[in-house]
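Okay, handing you the structure first.
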Amino acid sequence: MAYEVNGSTVEHDEEGYITNLADWTKELADVIAETEEIDMNEEHWAVVNFLREYYDEYQIAPAVRVLIKAIKKEMGPEKGNNKYMYELFPYGPAKQACKIAGLPKPTGCV
Amino acid sequence: MKIGVVVSEGPYTHQAADTAYHFVKAALDGGHEVPRVFFYHDGVNVSTRLSVPPQDERHIQNNWTNLAKEHDIDLVVCIAAAQRRGLLDENEANRQGKDANNIADGFRISGLGQLIEMGIQTDRLVTFGD
Amino acid sequence: MSDVKKFLYVNRKAPYGTIYALESLEVVLIGAAFEQDVSLAFLDDGVFQLTKGQNTDGIGIKNFSPTFRALGDFEVTKLYVEKDSLEERGLSPDDLQEIMYEDEDDDWEEKPSIRLVSRAEMADVMADQDVVLSF
Amino acid sequence: MSTLHTVNKSPFATQTLMSCLNHCKDGDAVLMIEDGVYGALANSGMADFVRAKSASLAIYVMSPDTAARGLAEDKLLGEVSGVDYAGFVDLVAKHDRTQSWL
């Protein structure tokens, strides 16, 4: 299974998470988002960029409340809440946004 | 008294799974409850139904399966640790696109939250590892 | 709240040679969602988990040391490190990463999460818990 | 309030027993299990240390583990008491928490 980006292919697993995290590009993010039926706008990108920066620094995805706090800081309280996150990523920010951002699949431990 | 148990080493290499088994049996005989045993680190390997020890040795997985059935113990295998080590139930095998599963009867795969929950809900927690 | 228990995660093993340190951290991160009173103890070889400058490129294993700096985001803010264990290994507190958290009760002021304790103080921390998980 | 500590390593292989005993509080109990039972040997280099600690701690050893390893009772410290698995369970119940030194 693979995504096609500009003529080349990027492998992914059953659920659409990319196999090699190093394969991630912005173009790929758009392709993944498309299969998730998400039309990436500036607000989606703010979340995706935050996730990538956070992962880069700490080697884990942030807790959802950390993500929401950061978005609140950046985009104001009307957007820094759970409801808004789910409007952006209807199937949940932890799953969908992480997939688009090219982070590892959450192991679903809780 | 409710006693929770953690097994954090694999079978046969370490004695941990054996000691834990004898401990749990003694606890039940002593009138205590052991609602759950949580398998973590290499302890998840206890749950494979594919092990075939020689006939003159104990069968660690069978022992646990039988004990769990008899006393209604929840044997939980940590999903994160299990995935690393190639232990999958049917559900996970499908989800991960693998062609086989290997979890024995009486064990179930679930999250680390079950360990924390066990710590919250029991009166004592005892870890067997190495 | 009577249903909040004191959880202590005891870390006595060095990173990378075995998986215990990483899988301990995974429990801590998941456990954070349960809103218990969480402390971490680092003693014996466990203090090696917190050293700065870890670079795992050459061994092909994920470097999880940066994740300790994210613990504050998960409201895990008490990392007890045993001074005696550091000294026995020729380390000083300066050899450890700086790990901070924002204190909600003090106008989000940044504070250090690492609390250096003597062996006797570590024994007191251990004796003050409801649940002790060892790694 | 007191703690039951378990140790499952030989003191001649790791410092686990030493570290455990150095972190115990008065009134705690220590149970040597598995390879930890070698810590109960009476004539070893560890014996004086363990004997000294037994003044403020109750020290136990798993009898099934000493028997398995061929450690006769007269080879073990007199300050250390033998228990079986039921005794192990009783110790867990009697103390407020159990800390495993792995």
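Worth a mention:
Chains here go by letter, A, B, C and D, matching the order in which they are written, and residues are numbered from 1 within each.
Basically, a residue touches a chain if its C-beta (ideal position, glycine included) is under 8 Å from a C-beta of that chain, and two chains touch if they have at least 3 such contacts.
Predicted model, so just to flag it, every value in this text is computed and none were measured.
The interface with the greater number of C-beta contacts, when A-B is set against B-D, is B-D.
Each chain gets one centre point, the mean of its Cα atoms, and the points for chain A and chain B are 34 Å apart.
Separation between the centroids of chain A and chain D, computed from CA atoms only, is 51 Å. A separation of 26 Å divides the Cα centre of chain B from that of chain D.
Taking each chain's centre as the average of its CA atoms, chain C and chain D sit 27 Å apart. Multi-chain contact residues, meaning those touching two or more other chains, occur in chain D at positions 97-98, 100, 102. Residues of chain C in contact with at least two other chains: 20, 26, 30, 33, 130-132, 134. Shown for chain A are the residues in touch with two or more other chains, namely 109-110. All chain pairs that count as touching, in label order, are A-B, A-C, B-C, B-D, C-D. Contacts from chain B toward chain D in the complex involve residues 1, 3, 8, 15-16, 19, 22-23, 25-27, 29-30, 32, 124-130.
Interface of chain A with chain B (complex): residues 13-15, 107-110. Residues of chain C that touch chain A in their complex: 26, 29-30, 32-33, 62-64, 66-67, 69-70, 73-74.
Chain B meets chain C in the complex at residues 6, 40-41, 80-81, 111-113, 115-117, 119-120, 125, 127, 129. Per the touch definition, chain D reaches chain C in the complex via residues 1, 3, 15-16, 19, 22-25, 28, 97-102.
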